[in-house]
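The structures considered in this document are given below.
Next come two complexes, and both contain chain A; in the first it sits with chain B, in the second with chain C.
Take a look at the complex of A and B:
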């Protein structure tokens, strides 16, 4: 690209506008609370509990996505079947459905007047207003991100490697664990990060299914409603910082291993 | 050894129709055909990597059609080498040992022999990422042979290599085949490769087996217009046969023998057609006057189109004879060929 062209300047300007649009509000929010206020907030047991709840429910959603999503992602990456496009669009549905609608949809099967809700209630599992309910919602919204990331990962591994492995005497299971998994685990980690990042940010669906126990986004909303901007900002800062550190740590871990390989 | 009976495969884009093939124990068999002919599909079917619709595959008289790939003992080497990128060369080569009960001392002996034969000693600790094409292919061969398969399938193993590596791997292949009791089945589209390695070959097109036979049969006596064209018999004409003559339009060609059929095809290699200014004093029974209608540079030789009555012949000649004869478009030349150079079917 020649730097003197108008087109080039348009692309640069748009880039700068977008950077500013994203960064200015975030930086403003992050720097608004005083140090003393941040310190006081993190001493608040409710805040710590809600951030911890957010992180571990999102983590559980990611683990559930990992267990159930990995085989599905493999199936989608390796096989062609009629209706595959249809299955793929179903997996993408949670991304496009408005968040409160997700919450309402889950509630509508969790109630006692639905047979699934009836089974759960007989088993003593409560969805409404419980950690289980939060995990269900977060898995619902996070799963597509995991499946899509890992599907792409599997697709980038040549099926010929698996063919060769099998011709050398390895069963499908051995082939998966000796060849496919070691080559795809990085994309699984990325999938886990994407899935839990999406899950941590969920508010609209959770607030309908479980206002209590309170996850961090709900708490931020509650503090904003009850006390105003000033009191919601420190919680937000802590949530964002802890998440960033966690994701950064995961990324560094993957980059580090890439060099080794 | 390998016996394929009425094999049909329908995979949407890739299909095989009624394939029959017989390969002898310890043979070096070549499979040829244009891109999309179904060669790789056939290899993968033999290896058990794709489902068959109908038909039977036998290896050493055992029906393996329904066996999973890991139970077949058939090795495969792909054009792109397909080494496991996360394993060292040594781990790649010994990968198959995890799944085979092979005596440790025997495995060691085999490993040493392969490492020596394929000159891999200095590479064992390295990852595939930094290896050259020739090195990668040598590792892939060692990996496949390490578990002592009954059959080794090679899918264009040389076509991704530079010319210098190609020669090296080709000699290596020949030696490996001679020193082992493994049956080799190799896909290639390089005739020189095919001729130097194999005794017998098959030609495929559009999922159909066009011809199976000795290299000589396929190159000199193709039995379909496709194979004739594929092996470079560029002079291919539909003809009526009358007594010992073949008639194309109103051109009479002496075959020196009486064909069994009344009409069919004749095929002549362009290098078997000799051009001259005057009638040659030789034993060539067929000699026609014609007009040069085209000359094209093919790198190592020239291809000359000569129109005789309504029939266009193609002759390939060297650059020096092109200049000696002063051949250019529009001039008249004499073209001659022996009747034994004519293949009819």
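Take a look at the complex of A and C:
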């Protein structure tokens, strides 16, 4: 083996800088609370409830993105039409809009002063301060991540495979479910991970739409306000640890299958 | 030809040019000498309810002192204090909607003194589109709030003084109107979801029709051009003459750690301001305070915006007066 070039060492050192940049603050935060403190925190029903609420609202957002986002991603990957770029940039909009603005925007159509809010109100659906509201916000911010990941997935599958299926008489519907879907499910899983990861971390938009019921990031903020750093950190540690385990498990699942294939 | 002519004039042009350049350089310097040039950022942590008047003061002050950049962070007063005491965030001035927050959380470690500069009172805000907007008045508001379908809220008592004060008003109303059980009835008609961290956030909920009524400081109502119901002095927490009556309202708040609580007694709304001990830009911050507490400056703006100022501002003791920065002493009187 040849001795390493300078370029190699540059890549290594930049990598180390980035790892340190991400890890040092996080490790500092994760190790700050004592073990007793962590134990006490997880016994707190409010904390458990908020973490659970965070996880399942983020999960719901991912499922909604999966249902509505998959066909759209397929459309964008397979067809070319005028205004496609425009549609793509609209999908990216939730990424660039400041989070509180997202919350304000959603609230402004959810109120009775707007006809959509009026319809919701008549149907008895409440957005402000409700789980429905949280899921709406999380879907809004998570959707682009799902659509983009899955679109890339579809693009990497050759359309020729689909053409073969169609030429052998399969309908578009059955082609999608028997050919494309089995090949693209991994990118969908990645999309779901990305979408729910984004959703679980959302704070700014949610706190405007729903302060109560409290998702974990809002509770971390509230604890910080009411009791200070000491009591907000343990909640953060639990949230980060649980998410880490969840996402690691999902990644291992996908990686495992990749090797098999 | 031309070149030559320029060369000929050079001996004259050069000195003139040099003089001109020198005068350009010198001019601002003589300007500096007249008025001390203040520069840099002045960081102010402020109660949400002070946002609009402080924004106006900031503009006026920055026009006078172009070198200074006022940077404001609005949050509940207790959170502002936390940012200083727990997060050690650099901060020059802290302006609180409850002057006891400065006494309790910042003095003596992070601040030395506390100037009371304005008052406020609680009002019930609404818009044209609120349910029963054409029926509500100072006599029946508590009946309207408990009606089915009416959505009303207040800010989080644990995060915002306006929040616990709203709750106090409800408690005092029970006593004032002599209706036993009124407080509980009101609280029961307000689901937890209608609580927000800051009272100012409720304004957006009113304006978008997500909420019908919200408790706000009078100043906030005036600044956001909301309709509001003025309540009797005995329950609106605006008149310190009634502090003895206000005292009967007691709200339980979160203490230093979860599970531990403290009791907060009713008291008139009194705003406090302080200079943080290790203020990064003490000089400019003091200048801003001098402007803010001046009856012709900041206090005038406060008055215009529905927030009655103390003229002059107040400190409780002569000892506190003695440790104030020199420029501020003449703007303040000693009054308990």
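What we mean here is this: the second predicted complex is superposed on the first by the 246 of 261 C-alpha atoms of A that agree within 3 Å, B and C clash if a C-alpha of one lies under 4 Å from a C-alpha of the other, contacts with A are read in each partner's own complex, and residues count from 1 in each chain.
Just so we're on the same page, a residue touches a chain if its C-beta (ideal position, glycine included) is under 8 Å from a C-beta of that chain, and two chains touch if they have at least 3 such contacts.
Being a predicted model, the structure only gives us computed values, none of them experimental.
Aligning the two structures on chain A places chain B and chain C next to each other without any clash. In the superposition on chain A, A:128 makes contact with chain C only, not with chain B.
Of the two partner chains placed by superposition, A:254 touches none, neither chain B nor chain C.
Counting the residues of chain A touched by each of chain B and chain C gives the higher count for C.
Touch criterion not met for A:152: it reaches neither chain B nor chain C. When the two complexes are overlaid on their common chain A, residue A:208 makes contact with chain C while staying clear of chain B.
Once chain A of one complex is fitted onto chain A of the other, the partner contacts of A:229 are limited to chain C, with no touch recorded for chain B. Annotation: apex chain A, arms to chain B and chain C, angle 140° (C-alpha centres, rounded to a multiple of 10). The gap separating chain B from chain C in the superposed three-chain model is 48 Å, by closest C-alpha atoms.
Within chain A, no residue touches chain B in one complex and chain C in the other. Those residues of chain A that touch chain C in the shared complex are 44, 104, 107-108, 110-114, 117, 127-130, 207-208, 210-213, 222-231.
Note for the complex: chain A touches chain B at residues 80, 158, 160-161, 163-172, 174, 178-179, 182-183, 261. Contacts from chain C toward chain A in the complex involve residues 76, 78-79, 82, 85-87, 129, 156, 158-159, 191-197, 201, 204-205, 207-211, 254, 256-258. Residue ranges on chain B touching chain A, taken from their complex, read 12, 44, 47-49, 68-70, 72-76, 78, 80, 82, 84-86, 95-96, 98-100, 127, 143-144, 147, 149.
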